[in-house]
Amino acid sequence: MSERIPVGILGATGMVGQEFVNFLRDHPWFDITWLGASDRSAGKTYREATSWRLGGVMPPNVREIVVSDSKPNGAAPRLMFSAMDASVATEIERAFAAAGHVIVSNSRNHRMDADVPLLVPEINADHLRLIPEQQRARGWKGQIVTNPNCSTVVLVMALAPLKQFGIRRVIVTTMQAISGAGYPGVASMDINANVIPFIGSEEEKMECETQKILGDFVEARVEPLTAKVSAQCNRVPVVDGHTMAVSIELDQKPTEAEILGAMRGWRGIPQLKGLPSAPPCPVIYMEEQDRPQPRRDVERENGMAVFVGRLRKCPVLDYKFVALGHNTVRGAAGAAVLNAELMKAEGWI
Amino acid sequence: MSERIPVGILGATGMVGQEFVNFLRDHPWFDITWLGASDRSAGKTYREATSWRLGGVMPPNVREIVVSDSKPNGAAPRLMFSAMDASVATEIERAFAAAGHVIVSNSRNHRMDADVPLLVPEINADHLRLIPEQQRARGWKGQIVTNPNCSTVVLVMALAPLKQFGIRRVIVTTMQAISGAGYPGVASMDINANVIPFIGSEEEKMECETQKILGDFVEARVEPLTAKVSAQCNRVPVVDGHTMAVSIELDQKPTEAEILGAMRGWRGIPQLKGLPSAPPCPVIYMEEQDRPQPRRDVERENGMAVFVGRLRKCPVLDYKFVALGHNTVRGAAGAAVLNAELMKAEGWI
Amino acid sequence: MSERIPVGILGATGMVGQEFVNFLRDHPWFDITWLGASDRSAGKTYREATSWRLGGVMPPNVREIVVSDSKPNGAAPRLMFSAMDASVATEIERAFAAAGHVIVSNSRNHRMDADVPLLVPEINADHLRLIPEQQRARGWKGQIVTNPNCSTVVLVMALAPLKQFGIRRVIVTTMQAISGAGYPGVASMDINANVIPFIGSEEEKMECETQKILGDFVEARVEPLTAKVSAQCNRVPVVDGHTMAVSIELDQKPTEAEILGAMRGWRGIPQLKGLPSAPPCPVIYMEEQDRPQPRRDVERENGMAVFVGRLRKCPVLDYKFVALGHNTVRGAAGAAVLNAELMKAEGWI
Amino acid sequence: MSERIPVGILGATGMVGQEFVNFLRDHPWFDITWLGASDRSAGKTYREATSWRLGGVMPPNVREIVVSDSKPNGAAPRLMFSAMDASVATEIERAFAAAGHVIVSNSRNHRMDADVPLLVPEINADHLRLIPEQQRARGWKGQIVTNPNCSTVVLVMALAPLKQFGIRRVIVTTMQAISGAGYPGVASMDINANVIPFIGSEEEKMECETQKILGDFVEARVEPLTAKVSAQCNRVPVVDGHTMAVSIELDQKPTEAEILGAMRGWRGIPQLKGLPSAPPCPVIYMEEQDRPQPRRDVERENGMAVFVGRLRKCPVLDYKFVALGHNTVRGAAGAAVLNAELMKAEGWI
């Protein structure tokens, strides 16, 4: 990559925006040159406009950038990451896409639109082929590409290597980290030494996004996977990392060894092309009987791999196992950045 | 009950023993008159022999009881609760049963023995009819009766009202409290802000104990329920209360209203006889969308009820819901005390 | 008490209001007959207007009370507890006091007013003698009486028995529970597995309230204690209970035995008169080397006693010790109720 | 450094030993070539002998090293780090020192010996001059050098820049992380959502070690600082990082600006010589009103700096502030490694 690529972040002052800033800190291709937020923040430096909530301190390279309002007035770079809250994302993302920007969005708003790729680069890079239809139908010069919900991505990364065996039914129970709810997010009075067995709309997202992501691109549209998926989502007092217990039924009844081999050997385009944020092995199987664990494993591989363990027979479906992924990295900022890297490498940007 | 009944506790100095002491604090029928422990503690007062680990301070009524060794030398009362660690329980429980004692045990050792009742008074009071065969086959004047593992009991209490609909398949994922592991139990370095996706032998216990408890007493033995059960057990940083996400398949395809009616209307012998430790409603269904929660609900009903919430359709099996119970009360000391109350009321003691 | 006394709660739907509702659940003297809140809640039943945040479920006796707006229109009972947020308390409390109500307030707004008692019934019941002057100066038929900040009360309860020895200097570092910040209060992203070494205005409150509470009523006003007090306040991931490490310098250089005797023997008017919410011993000294601890001790004595432990020589001042109290009971609702009980018993209501 | 230096670790399989292995993972000078443990582990590979408790997985470079018993039989390198438990450290460390090894120990056993340096390289590098006397008096060819207790080092790093102003009195209350107690260490039943206001011997260590470390090397011995120090030590549910609230009295009554200048400008030999593990600024003052915080700040600067915040007037002594440091890095493995780097750079190895 001979030339550095300027990027902007919409919703830059919020917690997801901060995660983008953090993840892009030393990115080999992308330079943050533009930060957008609400009118209240516009005109201030990022340092003034932002209460830094992540560990450590705000990276020096963004502190003095003057925050813009969220309108496509020509000053923003072509490639834009969207970290906006869902309550405001729809219109703003569309306005930028219409104005020719490539919107790589973490918001949920357009994920299930039939003409918007819900992209996990290792799994469904071919879904990017929805873009021409999206541009045609909407009359946009730009485009919107999305990444999944932070719990969905962990599940689909663990399932994707098994797609070859015919995924028929999936039951998953999540134990999700508090960082998944943003800031201020979950009140400590609700979660300290507690479990909250409910996360609004999360189960529905996991169930339908999984089918779309694992679906096939057929004749200009995505045919969802027909597997049935049932999710139960819980919040637990963990800082980062969504852990999940998964049971699956597979058409072809592979052996444990075949499943392990499929998981360990699984590589996608990000690995083949050596994209900068791609983990060398997207799924890492751990042999220890009590792993993966969020506090001990979530930071490994820069938070971009999914960890699986405890594969064993399920008395009800075929197999059960545990999966873990970093919800604010692989489930948010890192996912979007890898999407942008793929789009660049594949010539979509 | 005109006369108070003396009771003893085997393994009285350990954490489960302390829970028995605590639960029996003001019991209307039972008086603790005897406390047994290892030779190391024998001869000391309970106060001297015990590091009190529960909230508050040791109840005054037991402080000056001199701890006995764990041999049936005639000094112990007939009714004995066993809070012993599984590593030592087998031989000691058998020796006391042989010597004529009624052993109401929380240990796992004899639970799956074909001639030992694995008792949940609301569910399978008729399993007590195993006792004559137990006494005959083993040549005992006394007897051993057990209660389930602390996670099993929560599941079976939630399932029992649904047995009438034909339970075919159950998938359960638990989020279990640290108190379930005793003291010192789980290291804080392992569980602080973490999830441990493994609890040794717990899944096997949940799977087989559930079948036995929900089984039918037929011709002097228990015919296990034929339903398939699959458990995934996790430790979470919660003090008391095992929460679980359950999916079930039922033969008769009841409506949601029928399931709710069955749970809410469910009563057993403890309720009919008004046993002192029986909760008025053994299963309490909560309407709030984010309940039950361990920290907020586990202490209700003296820890003796099981709380259920979030009943809804499961895209894979038929229904899914959340259940919660108090692992050291309904899952240990309270379970055993209710067993003893049932046995007294039914004339087995 | 032959006749039950109707009471109202201002700010009833908030978390402190809920704590009042909870604490008054089975009160032998007081009946909740009136609940006030913002205009947004007025006209709804308490059940409709309130998200119940405490353990268990809303007490049945208040569920169907229709919430009133916060204006003194004659419908409210004479005795009113104020659980209002400080941002709105000043004007509303004054309006009710002017209209003849006895306002027993947990809000900080009037605590440091020279003519308002900052009352801890065991310590400074004579400060109630400020009321006639308050009524005269402000032209009120009613009155306002306050209780201290939730961390101050723990400190002053531990210090009060030592006042006889001449308190010269106090250094205190607190480790405060999350419930002290209300709801939603502290974000879990801020406090999970963390310490926040700052609580806004808390140190100033502890320093000046302590001097007022331990001051003497002299010639119609309170002469603050001249002791110097320095506080460092921290938030820790504990649900209920403020723990504090205290170092003190005393004029008269008592022995450890004299200090212990003073703490253990200390009784106030609430104990002498047997007020319903008074703990039999207001300060309980624990001998165990690692106590008191919030999770294990805070619920004892209905949350109304202060627990002290680890009294030992301080190499810098004279002595050091640890103190613990229940911040939402003795530090809020319970404190105000005990204030009202004292006022009733002493004829101020 | 042209040539790499082989090092060994005594007590390598324990949690502190693992921290040494972790900290030395990519050290520019030192290569781990020898790992010692108890006879039970000797002969196994490090991988076989060790349950890896830290985040992630065991570094590959040590996995296949065969663990030795802890006897100085000539196979161990000259430079040895000691991570042994205090219960066994005394004799083994002495045997190795007698045999000519340089023992850089994290154990408490020899810290307060008059002829053993209790070293913090930024503060008292000249205390290394105790070594010749140590070797002479004990007849050793080798030597023992120690680092402070994990809470002491945070305090002394914050105090050292103020020594110039004449430290007269120090009162400190700590809030210490669970990792300070090793593994299994603190039971989760003790610390979950709790504070334990007691850590065995910790207060005494902080009080006397501080005086020794800040003392002057005068005529072949260390003259302890005469300041009075009083510590109250508490365990809180934090994974890594000891936070402390400090009040100090200083002879020369500096201004706040002078104190800040002293802290920020403070540099020691490790900084001047650019030792590999030296933080560029050993004390980092944070302006934010609610910092430092353990979860957010402890990993910064590779865990080798001490963070200070909230400097303000103390109504009792002169100033108060908050300090934070990484207890297993700057308070253990990192401290010892920096000691060894200093000793190498200064020609003691």
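The letters A, B, C and D name the chains in turn, as written, and every chain counts its residues from 1.
Criterion: a contact is a pair of C-beta atoms (placed from the backbone, for glycine too) under 8 Å apart; a residue touches a chain by one contact, two chains touch by 3 or more.
Since this is a predicted model, take the numbers as computed values, not measurements.
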Remark   = Farthest chain from chain C by C-alpha centroid distance is chain A
Inquiry  = Counting C-beta pairs in contact, which chain pair has more, A-C or C-D?
reply    = C-D
Distance from the mean Cα position of chain D to that of chain C, given in whole angstrom = 42
Query = Taking each chain's centre as the mean position of its Cα atoms, how many Å separate chain A from chain C?
reply = 47
Query = Which residues of chain D are in contact with two or more other chains?
reply = 192-193, 237-239, 295-296
Ask   = Which of the residues in chain C come into contact with chain A in the complex?
value = 15, 53, 178-179, 183-193, 237-239
Note = Seen from chain B, its contact residues with chain C in the complex are 54-57, 192-193, 239, 295-297, 299-300
Ask   = For the complex, which residues does chain C have touching chain D?
value = 169-171, 173, 175, 192-198, 207, 228-230, 232, 234, 236-239, 243, 245, 247, 289-296, 309-310, 314-317, 320, 322
